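Below, chain A partners chain B and then partners chain C, in two separate complexes.
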Partner chain A sequence: MIKLFSYSLIAVCVVVLSAVMAVSFGAANISSGDVLSVIFNLFGGETHVSDIKQRIILELRFPRFILAFLTGAGLSLAGAVLQTVTRNPLADPYLFGIASGASFGAVLVIASIGGSAGWAAGQMSITTGAFIGAAFSVFIVLSLAGRGVQIERMLLAGVAASFMFSAGTSLVLYASDPEAAASLLFWTLGSFTRANWDNLFVPSVVIIGCLILFLGYSRALKAVLAGDETAKTLGVNVTRLRMGMLLLSSLLTATLVANTGGIGFVGLMIPHIVRRLLHRHQQYVLLACVMFGGVFMVWVDVLARSLVANNELPIGVITAAIGSVFFLFVLRKRSWIDS
Partner chain B sequence: MWTLKPSWLSLVKASTLMLALLSVSGISQAQSESGAQRIIALAPHAVELVYMLGAGDRIVGTTEYADYPEAAKNIPRIGGYSGIQIERVLELKPDLIIAWKGGNKDQDIEQMQALGLPVYLSITKKLDDIPKEMLSLGNKLGLVEKAQKAALAFNQTLAKLRRDSQHKSKVSVFYQLWSEPLRAMAAGSWINELITGCGGVNVFDDASLDYPQVSIETVLLAKPQVILIPSQHGNKIEAGDKWAPWPEIPAVKNKQIHFINGDIVHRFSGRILQGMQAVCDVLDEARAIHTVKNRSQHD
Partner chain C sequence: MALLETHNVRWQVGDKAIVDDVSFVINKGQFVGLIGPNGAGKSSLMRCLYRVNAPSSGKVLFEQQDVWQLSANQNAKNMSVILQEHSDHLGLMVRDVVSQGLTPHKKLFQWDDEQDLAHMKTVMAQVDITSLQNKPFQLLSGGEKQRVMLARALVQNTELLIMDEPTNHLDVHYQTDMMMKVKTLQKTILASFHDLNLAAAFCDYLLVLDKGKLVASGAPSDVLTQTLIDDVFRTKAIVDKHPINGHPRITYQYHD
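Right after this comes the complex of A and B.
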């Protein structure tokens, strides 16, 4: 118990430290001290930090930090749950064509608005379009999953849906002019540049709500991990649980993809790493995924902002590049046995 | 160079050969009426230049977005951003293809060259390349005299614009090439040349990439006095709205967010000087506001 307490303390410290450090990284010369001073100022303290720096910290960098954290946390959470309910180590939030469905929705909206012309005005409708695309994809996959939601059928349907939507996206991309195509490509690679306080509300609510529900069902999830039959004898309605968890994961992923674009590999990688790190404390996988995934994404965003001067790199590229190398390293270190 | 070709290419080949021989032997102006008669212009600026030289009616094919002058809209389209239909090119039996290095796909250009088609490469990177382009096109079209006049006029106007702005105070400019992602233009682009030519300073001229992706934060720090946003293909970009919450930027505070016609400033045709004039006017306006402010502060 003391061990658990100290672990949580460490986790909270890492998150807070990451927040202060990540927010102090960026083009403007802002120190960690400035960040702390601005935070204390919010609670009535005094600050010597200039107005413009305060606005940069509060209106640009903090929302971005939170969006990055939420995205990492949410995708990891969805990945962990999906890997559990499908008992498939390759399951990840993008498996069911959610990302390609969302991309297709966004691409259609952008193309019909006309290039990046209406982006500023049409921000809301792009998110909506992405969400509808993702939901449509999930609907296709689930309706093909057959009675009792058979895992194999569902996975294959997911792959098929994914290819179908990608084809649609490619076609729209091909037909649109270079400016729209560049915007779309940028969108599909993921970015946190659009973070602001207004568009943080929905993702926060969805992630917190899903986390609470997942935690509530964690006993049932554990039973499913032991096999459908075992779970049934333990009194778990496997079909309903699986369907419910899938829908929640889809909601989670669709919300995040709609706000940040396609950021792959996080949902696949983080749960695996977390499970290895936790060892005998598997009951904390979900919470650890939130912490680890969130902090990972925050630092990926710091890299994206600072690797090339006066330039920002797409998030998806960095997650995949760093993630795959790190993942290979972990895999190599010890022979992989699904824990 | 002239390898054996299928017979259906013979006509094309013959005309190409003739053209090649003519240009090698150095055609005089008297002979020049025999310049290229069936032109395929694979870029909007190439179409504009050919029209400007008075040979627009000789264009038999072009690409999408070649919309100036008005008459150009009636030219058959044989390709676009996604590529050129080489079969249509062959069908049209051109005696001159003006391809755009960097705009058309390299693959398409190479294929046309491999087929022995008379490809002329338009390579324009700087403003000074445009009059050169006029001269070489004039040569190809047999309109040397006209081209010389046009090139001279271009050079004179350009020199005048540069001279007029030479001693004016510098104005810092953020050129918002794209709004999502937010992209600027670095040094080395012709847009940079337009800005510096008008006595402006591109705030991102030290970026390491040609089209750096910037953020609201970097623009905030750069504090541009003017934000220039190109509109393209008739779409009025509402991208200026995103700056409204940031009066810390002088351009926002002084309402110096200006839209310029992207179809003009992004094309290497004679019209680019109209675009440059527009940029210079905008910078003058910003300068005036700045001087008035400075003066009132002084008082």
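Right after this comes the complex of A and C.
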């Protein structure tokens, strides 16, 4: 208990520290002191920070920090759960076509609304489009997965669905006019630039809801690792559990893709690292995925904003770059997973 | 007292009956062995008992209740199962694999309490895996894995324990060790065997399956005859008494 308490304390400190530092990074020159001063000001303290800086901190940087954290946390959670229900260490939201389905749905909606003009108004419909795309992909995967939702068939069906939707997304991009295409590219590469307080609500609710359900079912999830047949003899309705978890993961991924676009490899990488670090504390893996995934994404966003002066790199490019190196590392040291 | 009964159980794939009209009774406290040649339908029959294969016709009763009327969860409180093949559990530690046995006894959001941890500790000591508890399951040897599976089944704490070839792939030491550990449990056991001598040494009662049909059943000394081994297993053998323990001993004839 004391151990758990001290770990949580460290985790909270890391998140707060990351928040203050990440918020102070960026084009406008803002110090960590300014950030702290503005936070204290919220609770009734005095501040010397100029109004414009306060607005940048409160209305741009903070929502952006929260969206980045939520995205990392949510994708890691989805990845961890998918890896568990498929017993495949290489499963992630992308492998099942969920993310490419969601991207395709979102891109279709944006293309039909007409670029950035209808952006704010269309936020809800973009989310809906992303979710329909994701649900459609899950439907394809499940209908091809065979009786009892066989894992191997499911994985192969996911790869097929993924390619199909990517082709659709590319086609929409190709057919759009250059201005719309630039805006659509946002979805395929990922970015947190559009974060604001209004579009944080849905992702927060979805992530917290999914986390609670995942924690509630964590015993059944652990039992599935014993194999389908054994899990049944342990009293788990494996087909229903796998179906439910797949749907929740799609909801999670679709919500995030709708707000941030395609950000790959996080859902694959973070659960691996967490499982490795916490192999003796299996029960905390999901919570740790939230912390690690969230903090990781916040720092990826800092990198994206500071690697190239006066320019912002797409998030998806950075996570894919880190992820591919990670992948090669895992391949070279297979024992890293095995032991 | 009858714990598990099957009434004319039939399980077919397409038109082919893999399990054909099998009826038997297992009494509380019995150690029952299921024997038969490869492809006789032993695993398929067992799957009908632990609710993975739904019988095409016939009934499986546990304490007079049709197991197919129960939920997976209720059934998991009646019987635990040790399969032949083990998943590598995605890097889970031995302790976590053992704790999977608690699954049917817990509700959503119900974590392991002090009592569960104490129970797991006792069970792990009982099957000699205390020193392995913080090792990844997938790195264990076959014999050690089988002990972990036994520990999980004991944590599941059911009256009936079903084992599909529990001694498969084990060396001589682990074979005897595993069977001795199982034998001393206060449980009802149904286990399938390929090694007829092992079945003769540890079982009170044997069921012989051939081409899906139950062809013989009874005490090992009644069932394991030269004629049966010749007919069912297509092997010439001499059956006499084990010089130390007195149960039937089968000596196969390897050359003409």
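Here is the rule we go by: the second predicted complex is superposed on the first by the 315 of 339 C-alpha atoms of A that agree within 3 Å, B and C clash if a C-alpha of one lies under 4 Å from a C-alpha of the other, contacts with A are read in each partner's own complex, and residues count from 1 in each chain.
Criterion: contacts are C-beta pairs under 8 Å (C-beta built on N, C-alpha and C of every residue); 3 or more make two chains touch, one makes a residue touch a chain.
Remember, predicted model here, so these are calculated numbers, not experimental data.
In the superposition on chain A, A:Gly244 contacts neither chain B nor chain C.
After overlaying the two complexes on the shared chain, residue contacts for A:Leu234 are found with chain C alone; chain B is out of touch. In the overlay built on the shared chain, the residue A:Ala226 is in contact with chain C alone; chain B does not reach it. In the superposition on chain A, A:Tyr174 makes contact with chain B only, while chain C stays out of contact range. In the superposed pair of complexes, A:Ala309 makes contact with chain B only, with no contact to chain C.
Under the contact criterion defined above, no residue of chain A touches both chain B in one complex and chain C in the other.
Contact residues on chain A toward chain B in their complex (touch as defined above): 26-28, 51-52, 55-56, 59-61, 114-121, 174-175, 177-179, 181-183, 186, 191, 193, 305, 308-313. Of all residues in chain B, only 65, 81-82, 178-182, 204, 206-209, 212-218, 220-221, 232-233, 235-239, 241-242, 245, 248 touch chain A in the complex they form. The touching residues of chain C, when paired with chain A in their complex, are 47, 50-52, 71-77, 79-81, 83, 85-87, 89-93, 96-97, 99-104, 106, 108-111, 134, 136, 138-139, 152, 156. Contacts from chain A toward chain C in the complex involve residues 83-84, 87, 89, 215-217, 219-220, 222-223, 225-227, 229-230, 232-237, 275, 279-280, 282-283, 337-339.
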